[in-house]
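The structure under discussion appears below in the form of structure tokens.
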Amino acid sequence: MVSATESVGPFTLLRLERGELEPGVPGQFFMLEAPGRVLPRPMSLCQAPHGELAFLIDPIGPGTRALCALRIGEAIHVLGPLGNGFDLDLSRPLLVAGGIGIAPMPYLAAALGDPPAILGFRTEHHAEAAGLLPGAEIVVEPRLVTELLQDDPGDVLACGPEPMLEAVRRRVPRAQLAWEARMACGYGACYGCVVEIDGRYRRLCVDGPVVRDAA
Amino acid sequence: MVSATESVGPFTLLRLERGELEPGVPGQFFMLEAPGRVLPRPMSLCQAPHGELAFLIDPIGPGTRALCALRIGEAIHVLGPLGNGFDLDLSRPLLVAGGIGIAPMPYLAAALGDPPAILGFRTEHHAEAAGLLPGAEIVVEPRLVTELLQDDPGDVLACGPEPMLEAVRRRVPRAQLAWEARMACGYGACYGCVVEIDGRYRRLCVDGPVVRDAA
Amino acid sequence: MQLDAFVTKTVTPQAREGNPPPRVVETESGMLNSIGLQNPGIDAFARESLPRISELGVPIWVSVGGFSAHDYADVCERLDGEASVEVIELNLSCPNVEGAPETAAELVAAARAATTKPLYAKLSPATWDVAESARAVAAAGADGLSLVNTIRGLALDATARRPQLARGAGGYSGPALRPIALACVHACARAVALPIVGMGGVTSGDDVLDFLAAGASAVALGTILFADPFAASRIRAELGDAVLPALALSEHEIHGLVGHSASRRVVSAE
Amino acid sequence: MQLDAFVTKTVTPQAREGNPPPRVVETESGMLNSIGLQNPGIDAFARESLPRISELGVPIWVSVGGFSAHDYADVCERLDGEASVEVIELNLSCPNVEGAPETAAELVAAARAATTKPLYAKLSPATWDVAESARAVAAAGADGLSLVNTIRGLALDATARRPQLARGAGGYSGPALRPIALACVHACARAVALPIVGMGGVTSGDDVLDFLAAGASAVALGTILFADPFAASRIRAELGDAVLPALALSEHEIHGLVGHSASRRVVSAE
């Protein structure tokens, strides 16, 4: 059941009543029924206020637009938490996010005691979402998040578009990266979400989104 | 463009801006786009107020429900007037309608100078629609409209469910009857709306809804 | 006028009454029809319908059907002398009647021997390997392909749980058919060098671009003309403005837009 | 637990990596998949997957695939000794891989010779006359039919206009497939006396009643389990309360509800 929706720059923060669902580990995700669509959509948990689960959604297509159009009191199927979250046993965490990759960061930051963060955005309008992560450093294109990475940046946890994740990985091979893939089930049943890891197709919904033991 | 909607008993009176469409002859119909549906729905013109076309709609399925849910300012495709209306060159007209068969009667009555009318309804709630035809005689089931038909009822013009039309025809063979059929195009193109008339399949959308020269 | 061609309803040698009603029913994102090739027969068609349709001033494609190779040859021969007929489309795939005992290729070959007009073979998506059918009709002399006809579907009444169409199953068309049609166009475009008229659930300029990208050189409209009889003009406008420049399609391809319908009313309504 | 049977993803003799991603895409009222039968092969399946699935305490139907009659016979023989396997479903119709050179009937006959377990033949809707296929597999020894598998479909990307799935076309499933599936069930139920498991776009109790009325004796769930992993319980509740008494179906028919999915997760989620 939708308890509130808020605009955050071009994004929508969708707050759902939590019911019996656990919020899970930061970096895990939920499958949200998108009204009128055949498939649900994977969404990272953004915030876990008391009794609620909050998702930050970028309306880029029919599914995300349907989710952003939900009104208070409407109900949708929600399944989760699903997949592998971030490993939180770290000494010097640094959060790095690009665009809607900011979505899992507020919940992650809360779990890690508000570590430093670097956020990159396409436009100033998108950068309004940085308000969800007070104290973060912000860059707007043409500048990129990797420009702010120090030589020894510590334990990087990153989420964002694939080119950004690849760039972060080149700079910080041990970084924990949260990947994306098209999904159907989200719970390991359909083999729709595979990505090639070490030469084999693995299901991102169960072996990710934060992939352990990747090359 | 929807200019107004009103509840009339269980029915909805949908008022559309007329644009360049003619209202046509009473008994003719229009094809109304039903939002979210693949096929449009045939609707008799109910009233033709200045600058508007008004349709009385019984929400019995997905298409009519979508039409009744339209809000002011929304726009739909409308095609018409289509088909054969009633022959109005009559000396002693009498209107007979059952249920939503009342839909074409207000516009027909206006054209004929408010002739006498007999209306039948399933329930008192449905009978509220009789307000659209002041002065009409009204029966509610289990009583039937045919019970009120005199021995020499004059020039009967009838619209309603098939069993009612059959009963009227048995009593008044020369009655003008407005039939219904499932339609796809409404303009003679698809051959989807045929009914058997004199042993041949004829398209109700062009040879009806008021069928001339029928047996 | 926004049509580059007008495709008629299928004509058979003799007049046909077609199937009993109800003949049409809507489904979630499509519709079923079981018209059953109601038509006046080739003689009445040539005498009465053709002159009327010719008045539109649009090239006429006549769809031809039958129940044997002889039937197809018969109607094609009759149309061969009609100057107003630009293309003959062979309906090899109506799901609403029992077909001919011959294979599609044999029907094309029989038609080929009976006319010098361009022959388009209209194929069914209800086949494991549509590219194989395409190769067969190409070898038999087809000049182009029309893809696709409807596929058999059934809808039941929610109270009686009986088939909604009198005949039981009917031909499924509309948006739900579009992915199936696109797959057929894609497969055939890779299998044969013939021009392809794509159809199945086209509702917008965006859909047209999908069909062209999949390998069609023209697109035909069916079901959308019921909800929007002016779809041809609208779609052309959508293509002209927004969508087209982004893809830099040639004028030639845009002109491939074919209005497909069952009677001249669609067009005269414009 | 609301399932009367659990149907596995298709198992082949050897392990298969499947097709490259993207493998799934949504369409207007359906989806396309091109998984390509990714599976660990029969040995690892029997060793690792079967015992895990058995823990569910639900009768197990194993779907068997291959690229020759020998493959089908091989896997069936291997499963014949597995006590936990109740039924073998022969996937004769995956649109995402090149099939066997043998006909469906030959594959069934080969499987029949290799096992005494009940054999269900899973047929494709991509055929002009599905009843003919049904008669052929019945004659070859099938004990039941599973109708239908997905049908080939294509979706393009709206900017690049390239196929959205890496492999091009994929298998079309979901609500858009339902009328096609119902027509196949209807046709086969009239052609053969075998029990039929109906599937294709089932989302509600209402849809189940349509399949039963068309001639199915059980119904399987696929795509709906993605949007609603608890669909089996919900649908059973819908059948129990409102819809069912109106039709007075027998208890036996209700128990025909088969949960169909790709891994044990669906079920363990319940």
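Some points to look at:
To keep things simple, chains are lettered A, B, C and D as they appear, and every chain counts its residues starting from 1.
We adopt the following convention: contacts are C-beta pairs under 8 Å (C-beta built on N, C-alpha and C of every residue); 3 or more make two chains touch, one makes a residue touch a chain.
None of the values given here were measured: they were computed from a predicted structure.
Between chain A and chain B, the least number of touching-chain steps is 3. Excluding chain D leaves the other chains in the touching groups A | B, C. The distance from the centre of chain A to the centre of chain D, with each centre set as the mean of the Cα atoms, comes to 34 Å. Centre to centre, using the average C-alpha position, chain C and chain D are separated by 32 Å.
Centre to centre, using the average C-alpha position, chain B and chain D are separated by 47 Å. Counting partners per residue, chain B has no residue that reaches two or more other chains. Counting partner chains per residue, chain D has residues 27, 29-30, 175 touching two or more of them.
Chain contact topology: the protein chains form an open path, each linked only to its neighbours in the line. The set of touching chain pairs reads A-D, B-C, C-D, using the touch definition from the header.
Across the interface of their complex, chain B is touched by residues 9, 17-18, 20-27, 29-31, 33, 35, 38, 174-175, 223, 225-230, 261-263, 265-266, 269 of chain C. Partner chain C is touched in their complex by these residues of chain D: 27-30, 32, 124-128, 151-156, 158-159, 161-163, 168-169, 172, 175-176, 178-180, 182-187, 206, 209-210, 213-214, 246-247.
On chain B, the positions that touch chain C within their shared complex are 31, 33, 37-40, 62-63, 77, 79, 181-196, 200-201.
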